[in-house]
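What follows is a single structure, written as structure tokens, with notes after it.
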Amino acid sequence: MNLKYSTEQQLLADSAHRFLTTNYDFSVRQKIVAGDIHASEKSWIRFAELGWLGLPFTEADGGFEGSETDLSIVLNALGAALVVEPYIPTVVLGARAVMLAGTESQRQVLAHVAAGDIKMCFAHNESKSNGDLSVVETKATQKDKGWEIEGTKTIVLGGGEADYIVVSARVSGEINSKNGIGLFLVPKNIKGLEIKSYYLTDGSQAATLSFRDVSVEKDCLLGATEKTFDVIEEIFDRAASALCSYIVGGLRKLIAETHGYVSTRVQFGRPLIKFQVIEHRLAEMLVAYEEARAIANFSTVSLSSSRQLRMRAVSAAKVKVGDSAKFIAHQAVQLHGGMGVTEELSVATYLKAVTVFNLLYGTPDQHRRRYERLMTNGAFATHDSLAYSIDQ
Amino acid sequence: MNLKYSTEQQLLADSAHRFLTTNYDFSVRQKIVAGDIHASEKSWIRFAELGWLGLPFTEADGGFEGSETDLSIVLNALGAALVVEPYIPTVVLGARAVMLAGTESQRQVLAHVAAGDIKMCFAHNESKSNGDLSVVETKATQKDKGWEIEGTKTIVLGGGEADYIVVSARVSGEINSKNGIGLFLVPKNIKGLEIKSYYLTDGSQAATLSFRDVSVEKDCLLGATEKTFDVIEEIFDRAASALCSYIVGGLRKLIAETHGYVSTRVQFGRPLIKFQVIEHRLAEMLVAYEEARAIANFSTVSLSSSRQLRMRAVSAAKVKVGDSAKFIAHQAVQLHGGMGVTEELSVATYLKAVTVFNLLYGTPDQHRRRYERLMTNGAFATHDSLAYSIDQ
Amino acid sequence: MNIELSPSELEFRDNVRSFLATSLPEELRNAAIVNISALFEYDISHAWHEILYAHGLAAPSWPEEYGGKGWTAIQEYIWRIETWRASAPVISQLGMRLVAPILLQFGTEDQKREFLPRLLSGEHYWCQGFSEPGAGSDLASLKCAAVLEEDCYVVNGTKLWQTHAHYSNWMILLVRTKDTGKPQDGITCLIVSMESAGIAVQPIKTIAGDHEVNQVFLDDVRVPVSQRIGQDGDGWMIAKHLLAVERASPGNATARLRAQLTILVENIHKNKAARDDPFIIQRLANHSIDTDVVEMLELETLQNDPHQDDGGVVASTIKLRASIVEQAIHETAVMVLGDEALEWESKRPLHAAGRSLDELKDLAVIPRYLNSRVRTIFGGSTEVQLGIIAKWLSHHQGQARL
Amino acid sequence: MNIELSPSELEFRDNVRSFLATSLPEELRNAAIVNISALFEYDISHAWHEILYAHGLAAPSWPEEYGGKGWTAIQEYIWRIETWRASAPVISQLGMRLVAPILLQFGTEDQKREFLPRLLSGEHYWCQGFSEPGAGSDLASLKCAAVLEEDCYVVNGTKLWQTHAHYSNWMILLVRTKDTGKPQDGITCLIVSMESAGIAVQPIKTIAGDHEVNQVFLDDVRVPVSQRIGQDGDGWMIAKHLLAVERASPGNATARLRAQLTILVENIHKNKAARDDPFIIQRLANHSIDTDVVEMLELETLQNDPHQDDGGVVASTIKLRASIVEQAIHETAVMVLGDEALEWESKRPLHAAGRSLDELKDLAVIPRYLNSRVRTIFGGSTEVQLGIIAKWLSHHQGQARL
């Protein structure tokens, strides 16, 4: 057991936060959200230079073999700055699908990702999904030379910016069968693919992807279809865990911003923080943050563990981080008073990011129910220590 | 519409509270709970003299024709003093069954209740009930001269002190059929009736009543069995509403006690109430009290209205009063610090009374679900004013 | 006690209902349904104002001599419930419910004659210049200064959070005319034309992308003494009076909440997963019960003697609870729609975004949730309300109302 | 980072498990399962103490030279989790975990030789004389006074909330020996035999009818100077040290919570209505997730350098959350049992009430819920913890831990 950062990890954290504080402050983010593509591209290149884009890849794939903890450290820093570029869609989702299921030749795309040349996304969700990962209505039909894909994917994070798309499609079976799902690696400019791009609440970007008679080569299929559902499930968990690490970074920033505001803003002759009610509210925010931070770390360390521990940890994290984040963001806005609801200060944007967080990759309610199922099915026992996980 | 007390009602409230403050303070209550039967009997006689025991009965039945509001005022005062005598089992439950379903000759018992000679109870709950009012396993079989009753009633409030028992028993139909239930008026000393008396958390008294081949006269049956379920349902609602009025009286007292304590108790050189966190906590308690008070009044005025409004109002009240009561009692204990959990001060006893309140005549969860059913079945529309109730 | 309306009150309600059914244009109704900001957008509220004015209903609670109908508190209550129920916009409350009572109470005959009719007709549209950067809850610390030069006050300073200042032609303004003594004593109330030289209105974009509030800069703005309300130094008293008037808005909280609940119920009905979700239904039931409580508290106030001020404790309780309940309703609305709620439409006003009504309803959900956060901040934050309530309780030696 | 135990740690756990399986008598286990008060009843904890002592396990975290085993923090952690998991009683923590470290740190050699072995064997049973009426959270204001007369302190005053004082033969006492200067500076720490002349122990009955705490009156009690710990005026420093030691109880919070959760799970399993109730299952899941969080926070502390004091912010966070989570678990337990929970058995200790184990389990539910209210009061109230946390945050300029 080891739940502390190593010296190298501490350095990684410091440098990542320092870089983004200097190069990606709130005004830069506002410019990017307002459409400054140049600033966004510049940031992306810097992320590549810093080694963030290839962090989890093997050296052979052009990466740095970073651990889950390393990745969570970078995500935390990205969340502190509310970076809008599609880091998670690219590195945690799209590239991970290739890492998990790709052949050597398919994995060649990873070096381009690491270099910052290629962005990716993961197109799995459909309008009928409603939280059920096995629902895939999009069809992939085998044609002489390859496959033909037909169907529509919704709320694809980074879908409008991705150069390569990993899309799930049904090769066989019922609409919600866990078997018979294929993952396909498809370039964005392929014939028949229509991308309707839009913005989410927090200014990040998503898209609806409509595949109309899209023909792809045979070697676009990632891995064996019998294992695809497991891959999708793992990517779902990695996405949820990554979002937790990201937003926890934001929460820490939000507490610092709020503390700064109430320390300087004077009312009835004294700084707001001198009012005990405000002081204790901040303490409650810190408690909520500590809870979120601790359980997000649980989800991080679980990612390389058994499937059941991973699911338990990720769901616990998504529930608790979600609740904590909502509490902290609401209180941050409240303690900022009127200024908290203007677009001048960043606090409103953090609330928007929290709102998005709670709706993506499983709502707190959906994750709570998954946790309940694991609990009542005996996947874990409430009387065992989390540290016993290895031999369960 | 009129939601204020009349001058007479204000006087009734003042005199009831004054009487109990003088004659039934916490030390008297403690003596009674410790077994001082004499003090208890003395109080009961005074209740009779004050006209409280016959308050809702008609003049012909020896009563005072008090309104629902009048009754709620007395209940509020009884709750402020946490009176343990079986006022609700006698006046609101047992006697109400006779009022609703009794013949003229059966109603003669009411004059004795009003005079303080007779206590009553309402034995309906069984171990299989689980909140479903239609569950009656106790059987009543017709014998030549009357009925034979066989079965067990649980958690009968005031069951150990009652002279007359109104007991429900199945005359026909399935165990959970709304039809075929009879109510029987039975004296306590009848052959075959075993009464196992015990105390509840708050020191009030309840019993398990076992009927073994109990033979009763034909004229012990109250009213027609087709209407009995409606009577039971109404008594259930009246009980829940009465408990709300009672506990709201207790909550008001609890806030006053807590305010008094934090105003005098000094910590770090100043009275606790000078700490803003304590001050605001008290304000939150008052807000919760105001909510409880207002919705309890809604349930009171609903009792003489339509069945659907009554059910909606009573369930809303039981939910909201329950939540408010728990919050207020928990905070009252918390603000009293260590003293709050001793038996020396009354505050711990109020928490016990609140605990009992939340488990009797429907838990907040059960009432919330009944409210949900009414809402989703269209028994009321959320966009209508409560004041529109009359023509729904 | 009893809760039912009298037959004549029920008849009044039915008349209001038929008026609304015949007089509220569908396009206004559809725009009002997807209104996301705290107030109704000017374009729809003004259009509705003109219709009401044509029917003599622009200010029914005013005395009849000034063009009102002299309605009772219960009638006003019914009107509010019914207009929200019909998804009608609510016309600007600032002029009708705040400026008008102040003019009636403190204004000169000339001021009444000049301003009341134009307020009624909608020709004048008002904003409120009270808060400043650094003086929100703590109004007594305001700094915007006015110096009397002959027959004019010369005003210099900055005001913050002026709702709809960019649509207004008049502003009711609190200024500091004395720097010595108790801060409360040096405040004076003026009315200022927004066309005066030296006034600049700077938009503030709020969390959901709306331009609803502003910062107003006053640079040597000359205001004739004839536009002072009351005497020099009366400003604090007038602000207090206004606060008391603001409190007595029978039905305001309940009607708003019931309207939000209705939208929520509709969204739940459309969505099978939500309909079958016991946790969503539980939340809905809680919101409905909470609304019942707020309504009981409001109904009780209808019988209150308006001259018997309780220090605002009941109004504070209602404000505090209604704000929190409304926020919770919008949180549920987000949950019901789920990730479908995430698409952001930035066009404002939203109803003019050129989307279908069904799309607009979905697109309104998150902006409304975000905007609802101001409920516990503006109009006296929850913390301020708790302070008022705590003070009342101590003043009454811990004895709550029976 | 990784969370798994090493193979040797897992082996240690398995050894603890088998020890408990063979050495914990069933009657002790059954009594412990229905223990309702904050501490375990003396009769069962003392019996278990003797068994542990016989196996050399009475104080495994003490250094080996004093009869301990010198366990690591992780081993201690595993021990706690496993003993709670096995429903073993927990032996008096006051002597083992508070008095002993103070003696080790501040005691003279004579004091160590006199008291440590008897503490270990269970011959001595300790209570703590810190709080007073009027000096709880605000310990510096304590009034109980000691005057030095030759070789004895003469103590006069009143102490409040002495847990198990009626079973104790020794008390660790804070007294005021100086009235001038900073109140913190005039406090001295003594150890007092409970058989001393002038000591009277008055029981305090608490909310669930238990006699667990007491008020202790000291009337001219003579305490030899040799029973002073440290120097005159060291009391405050010793109390602070004790607080820091108290904080470092690895696994205490998690193990307690997991034990309460286990009882709750069992009660839910027995009850079909609860089992099928989505709201009960939701509450259970929330409790379990909250416990996971507390455990993560506790696991992190296992690697902390005990000499690097963080001002107690992590301990405060754990204490605050664990208290609230435990209270919530007991609220759910009451809901699960429903009105069947209402029968009150007044006999104490409850396990000696002459009822079946199943009956006792049900009868324990409400008393346990009531007693759980002290969790947020004793040992530093939630309000006190928030104060500590707020102070830490300001000291760190609003920067939370990464």
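Per-chain residue numbering starts at 1, and chain names A, B, C and D are given in the order in which the chains are listed.
We take it that a contact is a pair of C-beta atoms (placed from the backbone, for glycine too) under 8 Å apart; a residue touches a chain by one contact, two chains touch by 3 or more.
Remember, predicted model here, so these are calculated numbers, not experimental data.
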(request) Determine which of the two chain pairs, A-C or A-D, is joined by the larger number of C-beta pairs in contact. (result) A-D
(request) Please flag the chain sitting at the greatest distance from chain C, going by CA centroids. (result) D
(request) State, to the nearest whole Å, the distance from the C-alpha centre of chain B to the C-alpha centre of chain C. (result) 42
(request) Averaged over CA atoms, how far is the centre of chain A from the centre of chain B? Could you give it in whole Å? (result) 53
(message) Can you pull out the residues of chain B that are in contact with at least two other chains?
(response) 277, 280
(request) Could you check chain D for residues that touch two or more other chains and list them? (result) 279, 282, 383, 386
(request) Flag every residue of chain A that touches chain B in the complex, lowest number first. (result) 275-277, 280
(request) Could you pull out which chain A residues touch chain C in their complex? (result) 125, 130, 155, 198-201, 203, 206, 266-268, 277-278, 330, 333-334, 337-338, 340-344, 348, 351-352, 355-356, 359-360, 363, 365
(message) Quick check on the complex: what are the chain C residues that touch chain D?
(response) 278-279, 282
(message) Under the definition above, what is the set of chain A residues touching chain D in their complex?
(response) 1-5, 13, 68-69, 76, 252, 255-260, 263, 273, 279-280, 282-284, 286-287, 289-291, 293-295, 297-298, 300-302, 304-305, 313, 316, 319-320, 368, 371-372, 375-376, 382-391
(message) With touch defined as at the start, can you tell me which chain C residues reach chain B in the complex?
(response) 1-6, 9-10, 13, 74, 77-78, 81, 85, 254, 258-259, 261-262, 265, 281-282, 284-286, 288-293, 295-297, 299-300, 302-303, 314, 317, 320-321, 383, 386-387, 389-390, 392-394, 397-402
